[in-house]
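A, B, C, D and E are the chain letters, set down in written order, and residue numbers restart from 1 in every chain.
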Amino acid sequence: MTAVLQVENLKTHFFTRAGVVPAVDGVSFSVNRGEVMGLVGESGSGKTVTGFSIMGMVDKPGRIVGGRILYQGRDLANLREREWQAIRGRHIAMIFQDPMMTLNPVLKISTQMIEAVQAHVHISKQAARERCLATLARVGIPSPAERMDAYPHQFSGGMRQRVAIAIALLHDPEVIVADEPTTALDVTIQAQILAEVQKLAEGSGTALIWITHDLSVVSSLADNIAVMYAGRVVEQGRAATVLRHPAHPYTHGLIESIPSRNKRGVDLAQIPGMTPPLLDLPQGCAFRPRCPNATDACRADQPPREMPTGQMARCIHPMRESEVAQ
Amino acid sequence: MTEALLEIANLSKRFREDHDMAARLAARMGMGHEPATVHAVDDVSFSVAPGEVVGLVGESGSGKSTIGRMIAGLLPPTHGTIRFEGADITTRNRAETTAAALQIQMIFQDPMSSLNPRMRVRDIISEAPVYHGIITQSQAREFVAQMLERVGLEPTAGDRYPHQFSGGQRQRIVIARALAVSPQFLICDESVAALDVSIQAQVLNLFMRLRRELGLAYLFISHDLGVVEHISDRVVILYLGRVVEIAPTDALFSDARHPYTQALLAEVPRLSFEKRRFEPIKGEIPSPMNPPPGCHFHTRCPFAGPRCSREVPRLRQDGPRAVACHLEDGGVA
Amino acid sequence: MVAYLLRRLGQSLLAVIAMAVLVFLGVYAIGNPVDILINPEATERQRLEIMERMGLDRPLWEQFWVYFGNLLQGDFGRSFVYGESAMSVILQRLPATMELALFALVLAIVLGVPLGVIAGLKPDTVGGRSIMAGSILGFSLPNFWQGLMMILIFAVFLGWLPAGGRGQTTEFLGMRVSFLNLDGLKHMILPAINLALFKMALVIRLARAGTREVMMQDYIKFARAKGLSHRRVVLVHVLKNIMIPVVTILGLELGSMIAFAVVTETVFAWPGMGKLLIDSINRLDRPVIVAYLMLIVFLFVLINFLVDLLYSVLDPRVRLAQRGTQ
Amino acid sequence: MSDISITPPVEKAPQKKAISPLRAAMLDFASSPLAMIGLVVMVVMVLAAIFAPWITPQNPYDLSQLSIMDNNLPPGSESFGGQTYWLGTDPQGRDMLSAIIYGLRMSLIVAVTATLCALAIGMAMGITAAYFGGRIDTLIMRVVDLQLSFPAILVALILLAILGKGVDKVIIALVIVQWAYYARTVRGSALVERQRDYIAAARGLGLGHARVMFRHLLPNTLPPLIVVATVQIAQAIALEATLSFLGVGVPVTEPSLGLLIANGYSYLLSGAYWISVYPGVALLVAIVAINLVGDQLRDVLNPRLRR
Amino acid sequence: DTLRIGLASEPTSVDPHYHNLGPNNALARHIFTPLIEQDAQQLLNPGLATEWEAVDDTTWRLTLREGVTFSNGAPFTARDVIYTICRIPLVPDAPSPFTLYTRAIAGLEAEDDHTLIVTTDGPAPLLPNQLATFGIISASVSGAEDEVSFDTDGCTGIGDAPASAEFNDPAFAIGTGPYTLDAYIRGEELRLTRNDNYYGDAPAWEQIVMRPLTNAGARVAALLAGDVQMIENPPTQDIARIEGDGFVISSGLSNRVIYIALDQGDAPTPGIAGDTNPLQDARVREALALAIDREAIQQRLMLGLSEPAGELLPAPMFGTNPDRPAIPYDAERARELLADAGYPDGFQIVLGTPNDRYINDGAISQAVAQMWTQVGVQTEVDAKTFSAFIADRNGFNFSAFLAGWGAGTGEMSSPLGALVATRDPDRSLGGTNFARHSNPDIDDRLVEALQTVDDAERERLLREASAIAMDTFAIVPIHYELTTWALAPGLEYEARADQYTLGFAVTQAD
């Protein structure tokens, strides 16, 4: 299996008045056809910026300053805006977090869908409409023909997210970047969306990059997981491996602090301290100040290493099997 | 069971569209619409014992916050009573109000919006105690330091403004502010939902510690069953403004009785080590403005029968548990 | 909708009545119109006769009562100066003012919106900054002073355009209008620009603020992620959204434009209602003043109403029935 | 308070210096050179206006100091008394430089007083409406709507026609036409703030209505108001000038900038440009400076546009 | 051959009998002709009446012009005159009716179609002047019956008198004047076309277009830009420039005097502190009169377009004393007089003034205030728009105010009767005497003059009365206004004392 999308040492920085913000600083991963890749990390760790970098949509004052984004072997990082437009939506699509905000409130659903079709293929409005209807049906919207000419506000949040997914699916893209698409939804609706997405990914062979801060969500969805901390991927590998045998102390801490993993009435295992500001990162491993295993050696930059369990982690003091409480 | 600290009975809250004269006139002329009513909370009863943590679970719009706000005295109930330490606090007069109000404090979801951005942390924490004469202005500095320390912040934090703190720290400031008036009862409305997992763990631990050390009771509002399972002694499940099930935490998680509870438990994403298939319940939560008749859940319930759309199920007490479902009460036929 | 109409109607009625009462009393307090109108050589007896004929000898409340009674029958009274129905005196002048205001409005929108959008899209460029600097100037120049300077430059020094007056008019839909012939247009340009400049600055600012705000919204990012061209994003997604505030504010401003025409009309000797008002105030022509203000209030209400209708067309989220209660 | 000692892990907050939101805003403000120029000009003008009696060569409002024998002199002329009229004189023989500084003073007094009064009234009304809601809100807002459905210029015009001339009357007229505007602005932002949880928290802490309104709600509705107020001062200056131009403003013997322009207006064509142009320039500079400051304030105080 | 005129103020109606107001009367002259015309100096000339003579003290015989037709071709006869005089009191809602000039008429009898006998209820020496103030309208067009007869209690045969608004319609505005109405668009323009049936000399202009340009600056700009060829009242300060650009200025003495009235009524008087009224003392009034430097005002403010005044009407108009100079400027004497009167330190006074009515009125008042202040009378100026000023003045709220008086009839009886004669509504005297001056010496002479048909005797009485008024400083005149017109190069217009702008009197110089 070859990777549809391969990100190599991606660096996206923001040049603000206060200084350079290394929002993404050397991120590498790849996704294969039909696979789901979970990109996990806490707020501000650079997940969204990574997603936008893949879409070629980093806005000023941000800029991709290094690395490559290989889509089917072709480097996208230096494309011009026009070339990006041809790729966006057609080969790589994106879904956003808040379904209330992703659809333009003043345009009909049909307008927003048809324009997405016509942006890439020159077909008649009628044909484009047919295609939209078919896609809406695929994501489980009942009686799409009647609802297509409605405005977004006439839809519930779950429905809107389905519409957004349908728009992403219009051209059967090879890659879909989903940036926390279920976070804002209710539990029962989230489950519905997850089920739909799961079906679609399996059916069409689309590669999915699922961005989330909630390990629980990806644990049952993703084939591979990459954990981000302060702009870097600190650990990545097969989902089962990473979750079962977290090597990086951060991943470990993350898993341990999920409440349902702990007994009731007992204190949760917690990671002390808090995420450092990106403008003022500690030298070497950014997790060092919060890490129980940290030593002076951690002051050096940590390249990703392969762990005995098979995953890659940027850590010289990985968690030993025995420390990982089950 | 000891005497309940908080007891709410038949609590209801209806929000009614405010119709002015013109709208009423139009309605009279048959060309407008009657003011729409939202039954945000519909005949809810439960109690909280001293030192107990009760989890309040439900999806968006189910009325969790409304219940919390009514107990905190921020919203008058449309109907029903709220007794705190035996006294009805919905009909109390102003002098009593203040004293009782201070006993119940609320902690909100978004720590940024619950702090006045234009006040220093010191003033935020000491304002109410000074106002109520609990401490004097000269004691404030010392007092604030104490409070900050109690929630795990440096005393110097008092000199700064809220925007200079991270989310988790802000939530601690909010907690310190609440603790400053020595409450007995905290209402936590999604208090950890906005926090990252690692920070959430810190705050949850803080809640647990305060409970141990100060003997606080909590009403813990959350849609995250994992959090509720971890922290609560008992859980109340709401659906569209009504209680569908009340049970001790262990019992609920091992043996949910109401179909909705069952569905919720099945669908909460939990850390698993294998990919799994999602099998969601169908349909969406109906609008509270126009809820389905009978059992609100019958439109989505896999077990629904004819009776469910006709008759509102009673909340039947069964030992420590209570369920409102016809399945438990003579069948759905 | 009906409730909304009723509410508006009630409010307007209140406004009109309040206006009528206040102005009626106010103008009465200024002085006796007969003293100004009458030939100074007239005798006291004649003066009393005229006052009696005009009903000015009666006590104020009685005058008001009579006036109000006539008003209910749609009679606004006769102008003391012109001896004709006050309303018809005003309506003769209405087309000139409306024409000027609408022309100015069109100018403000046609020039203001694109400039504002450009400034909003490129806030930090020289162009964007110059537009904003220009708009501050437009904002700051007091109307009359700017008019004087325009006359001085374009009419007196350069001699390109006429200094004032209305020029030739053509009959159009039963009204006399200037924009259909060259001479009329030439006369209208300066006053229209004079009236438009302030609003144009306002539109630029609104459009700029709106553009900056809208550009940050998720739905714009999502539109870009669909692969839409920059053009379409700006022309459809951004424009339609910023038109909402622009239309709302401008609608209200049309009212104030009609009102502010008082100044422009005075400076440019434009024979509109505004000048009539000033003349009438100077001559204490009470029926005309009261009728004018009531007409303005009525226009305001009407415009507000139209704006609301337009607003609900532009913004599907708004349902008239629900506005106003908030 | 219980005496249980608790020893949690005390956490270090970020080691930033404690800068207040005000200081931060000030630093942000200074980032625009244009706005700084505006601010400097504004300060200079305010100082000039305050110290007018000490810095002007003549008191243009004192008739005994004027002589029509010196009238309509071009800039740089010398008077009978040997002093130089740097900006010329007007038809009354006023030294234009002095007249402009006094005119500025008059314009600023009128505009600032009117704006402050309107602000105070509008703020009280707006906050009350937003905080209590319901009938009080409806009542206040109806009055506001009513007021706003009359165009400001016309209301001012009619009012002044009725009240007659005078500084106090102009101020009254400006207050009447402006207060509703503030009330609406304040109510708008107060409604938003009122939804925020810190208000609920303050009430939950048993604080009185007055305290919540003025200590919590008010300061947080101020930023948009400050912006509106700065812009409104500029507008008030312009409106006063316009009213004076239309002949219903301040008395002719104590001309504001607007009246100076109006007086000089009829001399423009005859070549005595200085009577109208210099006050016009002063007025323009004043308004531009205030607007520049207001504009930057708007950007600084709008958190949504903040980077 | 179109003459475009920029008017300083717009006529309010085409009806010649609606509003007795300069602009209206001037417009009416183009369309309707009066029985007797006034020339530029307001001297009487034949109009529709070729001759008029006093048969006795109360009877006048008028000979009407023969062969005159209205613009619609109908002949002009005595019936039209009777009809016109009958209609004047019936004009609905007239804010300033012409009854002022017809009230003396007690009877009208047509001896034949072109001879008219007028009887008055007392000696009416001013009747010819009064008959010169209004134009004659067509009885037939207005819907009169064939037989029209006059009666002070109500004429017969006049049908329904037409409303003023009807005259705004060209089909109705039918007169015997040199022009006919083409279009009247209120606020915008008035178009007149030459009347080919006019009995007099055909005027030079095929068409006359009048545009109200009330704003002086706009008016001048329109002239300079060539939009109009003639404007009324160019602002004094612009005249140099207008002339510099090759335009023609025509100016002449008007019948308007600008004066200051000093309240001589009861103490206390408004605006002066204390319970005395210093203005009752003639020495104080004299001091204030002498303190005004009329020449400075003429030179610096009016730029020469005024004539310092020593009376209420410029010589040689009827009833003036040609040997009376303007009041001199003597600040020294003024201070002495004030000291004599017991005010060595002066007093405080408010000077009321309109600021949009007379030429430079506000500026003149401020200058007067400067001058008074310099002799020790601290003066504050209270400038208002005319309407507000009038309200205050008529309410006796000023102890000193500046105003103007134009003598419509062109004789001294007019200003004396209005401004100086003791207030007496019954005798129609002192109507504008808001200074409350009262002197029987003046009153007696005036009343007698008004009863005297003999011109020489009347003039003697008026001269005496005027001299007394001036000697006692009953009122303080400042100057006579010059009325000015500006015209495109090559045009000429003789300045008129009545300030009327008559397009047909404009001629090409060539």
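Worth a mention:
To be clear about the criterion, a residue touches a chain if its C-beta (ideal position, glycine included) is under 8 Å from a C-beta of that chain, and two chains touch if they have at least 3 such contacts.
In UniProt terms the chains read A = ABC transporter ATP-binding protein; B = ATP-binding cassette domain-containing protein; C, D = ABC transporter permease.
As the structure is a computational prediction, the values presented were derived from the model and not from experiment.
The minimum number of touch steps linking subunit A to subunit E comes to 2. Here A-C and B-C are compared, and the pair linked by more C-beta contacts is A-C. If you average the CA atoms of subunit D and of subunit E, the two centres end up 47 Å from each other.
Note: centroid distance subunit A to subunit B, computed from Cα atoms, is 32 Å.
With centres defined as mean CA coordinates, subunit D is found 24 Å away from subunit C. Within subunit B, the positions touching two or more other chains are listed as 18, 20, 166, 169, 209.
Shared contact sites, meaning residues of subunit D that touch two or more other chains, fall at 9, 11, 14, 161, 265, 268-269.
Counting only residues that touch two or more partner chains, subunit E has 217, 221, 224, 356, 385, 388.
Listed in rising order, the residues of subunit D touching subunit C in the complex are 34, 142, 145-146, 149-154, 157-159, 161-162, 234, 238, 241-242, 245-246, 258, 261-262, 265, 268-269, 276, 280, 283-284, 287-288, 291-292, 295, 304-305. Residue ranges of subunit D in contact with subunit B, taken from their complex: 1-2, 4, 6, 8-14, 16, 18, 20-21, 134, 138, 196-198, 200-207, 211, 215-216, 219-220. Interface residues of subunit E facing subunit C in the complex, by the touch rule stated above, are 12-13, 15, 18-21, 92-97, 99-100, 163-165, 185-188, 211-215, 217-219, 221-222, 224-225, 227, 356, 385-388, 390-392, 394, 405, 408-409, 414, 418, 425, 428, 431-432.
The part of subunit A that touches subunit B in the complex is made up of residues 42-43, 156, 158-159, 186-192, 194-195, 198, 213-217, 219-223, 239-240, 243-244, 253-255, 257-262, 264-265, 267-272, 274-275. The residues of subunit C lying in touch with subunit E in their complex are 30-47, 50, 53-54, 78, 80-84, 89, 92-93, 96, 148, 151, 155-156, 159, 162-166, 169, 176, 266-269, 271-272, 275-276, 279, 281-284.
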